[in-house]
Amino acid sequence: MPHTPARFLVPLRWSDMDAYGHVNNVEFLRLLEDARVIAFREWFGEERTMLDSGVLVARHEIEYLAPLTFRHAPIAVDMWATKIGGAGFDVSYEVRDPDDVGSALYARAETTLVAYDFASASPRRLSREERAVLVAHEGEPVPFRWRRR
Amino acid sequence: MPHTPARFLVPLRWSDMDAYGHVNNVEFLRLLEDARVIAFREWFGEERTMLDSGVLVARHEIEYLAPLTFRHAPIAVDMWATKIGGAGFDVSYEVRDPDDVGSALYARAETTLVAYDFASASPRRLSREERAVLVAHEGEPVPFRWRRR
Amino acid sequence: MPHTPARFLVPLRWSDMDAYGHVNNVEFLRLLEDARVIAFREWFGEERTMLDSGVLVARHEIEYLAPLTFRHAPIAVDMWATKIGGAGFDVSYEVRDPDDVGSALYARAETTLVAYDFASASPRRLSREERAVLVAHEGEPVPFRWRRR
Amino acid sequence: MPHTPARFLVPLRWSDMDAYGHVNNVEFLRLLEDARVIAFREWFGEERTMLDSGVLVARHEIEYLAPLTFRHAPIAVDMWATKIGGAGFDVSYEVRDPDDVGSALYARAETTLVAYDFASASPRRLSREERAVLVAHEGEPVPFRWRRR
């Protein structure tokens, strides 16, 4: 992970909880989507977000470490880029309490994104500018505990 | 995979599509949840499903292979057990067209489930009966393509 | 209501339940959307559904009569057309147990739909064929109990 | 409506959009749920929200006035109490652009809430304190245009 990964504050919804009274495991992926929307706008600029105009989700991996219940304050998602290649990259995440709440770690996750040109409906290369932005947020892949069983 | 993995037919909803007009990548995990609900009821019995009374999701991994759009007919989810241990197991999935529609493969995925006793809120061992059911549906872990980059 | 309103069977999802362990009140509207998708395909034909190509939702009204919990079998949605006008119509619904389960009534609802031409992004008139289909399914508006307080 | 109805800022999610690229009509009800969660905490206090501990949704009515697309900034929900009775009350809403964005009105809606005691699973009377809070936020019911057709 970078020395200081970017942190994004993502609001929860009461409806993220399932019948067990916890934020549902599938909704965690929704929170990560929200974090990417916020992050890519900040990283790649106001006008176009990379999510809208240039990447496809190719893969997710996620580990759940502690149950999360609804709270009024947003959750913190630390996020950084890894495996930056010519035509795509990975994003690593840690879902945590914000600093003023505590230090609990709820989930670790990784998403593989492929650069895509929606206008022509075909894969594309990352631009020099996109690579520069990603390299500025580069870190080591988040370590998974369960995969290695 | 077993010689003939169990196949479960999971209905789509029109709302599973996102603004790109495809079933959203997060909603695929919802379809897998639906498949587990159907499967565990069939495998473990009418009265209690294992989902209700005895497992926690510890991990998901999913690869997206082709875009899926809404259709009125259900999608097929092939599902089998892997890595059956004392206190948990994995489920492998392939999301496919039903036989009368085609042979497209939309996603491969894997979920790690941990046996849990909701009444006492603590981990537990798989029972002998649960193990026997799972072994009857055992196969090789689904092969992921993207993980090994 | 018509002597025999059309009945559509709509699958539930385990995730339709909220932290109270009941199908969430908002998800009922999702079930009604699913019922319209099924109904309009049956009423207006295979190729195009009216939902895809020709109506906007202008209004919903819904009353909740009994709590609904997840079940593996679909729920029954009785549905008929009312207030058929030149440029739109209403749909009335009753959400019920299927006959082999019981006779509980969970919700009454009404949706106002406006005929729309998505290609030109403008309101339109109902066609003669559309009107004929709707008239064949016409009934009295579902009676609401709470509105008249 | 009160001279100055309470305004709550509700974050959107990219996934609130459906395949038409607009915030889905059902998701508007989710935004209203989020607004109630925020409002009731502010109105009734930090420790318990009325949503968690004391009201059931008995009815919704909503009219859609303009299409809404995803934006990074929250949407404004103006909200006030109406028809305050011994055992329940209504909430009226207007979903609008925040002041710094514009003055568009996207939806008008009304929810009927019934006071409920979840501990004993039975209806209850509004307390004197609850009534006082609601009266401080009382206004005229939001005027619906479509209902009177």
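First chain written, first letter: the chains are A, B, C and D, and each begins at residue 1.
What we mean here is this: contacts are C-beta pairs under 8 Å (C-beta built on N, C-alpha and C of every residue); 3 or more make two chains touch, one makes a residue touch a chain.
None of the values given here were measured: they were computed from a predicted structure.
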| item | value |
| --- | --- |
| Farthest chain (mean CA position) relative to subunit D | B |
| Centre-of-Cα separation between subunit D and subunit A, whole angstrom | 31 |
| Subunit A and subunit B, separation of their C-alpha mean positions in angstrom | 23 |
| Mean-CA-position distance for subunit D and subunit B (Å) | 37 |
| Residues of subunit D engaged with two or more neighbouring chains | 14-15, 26, 30, 33 |
| Touch-based graph of the chains, sorted into line, ring, star, complete or other | complete |
| Residues on subunit A engaged by subunit B in the complex (per definition of touch) | 20, 25-26, 29-30, 33, 56-64, 83, 112, 118, 144, 146-147, 149 |
| Residue numbers on subunit A that touch subunit C, as the complex places them | 14-15, 17-19, 21, 24, 26, 70 |
| Residue ranges of subunit B touching subunit C (in the complex, touch as defined) | 11, 13-15, 30, 33-34, 37-38, 41, 51, 72 |
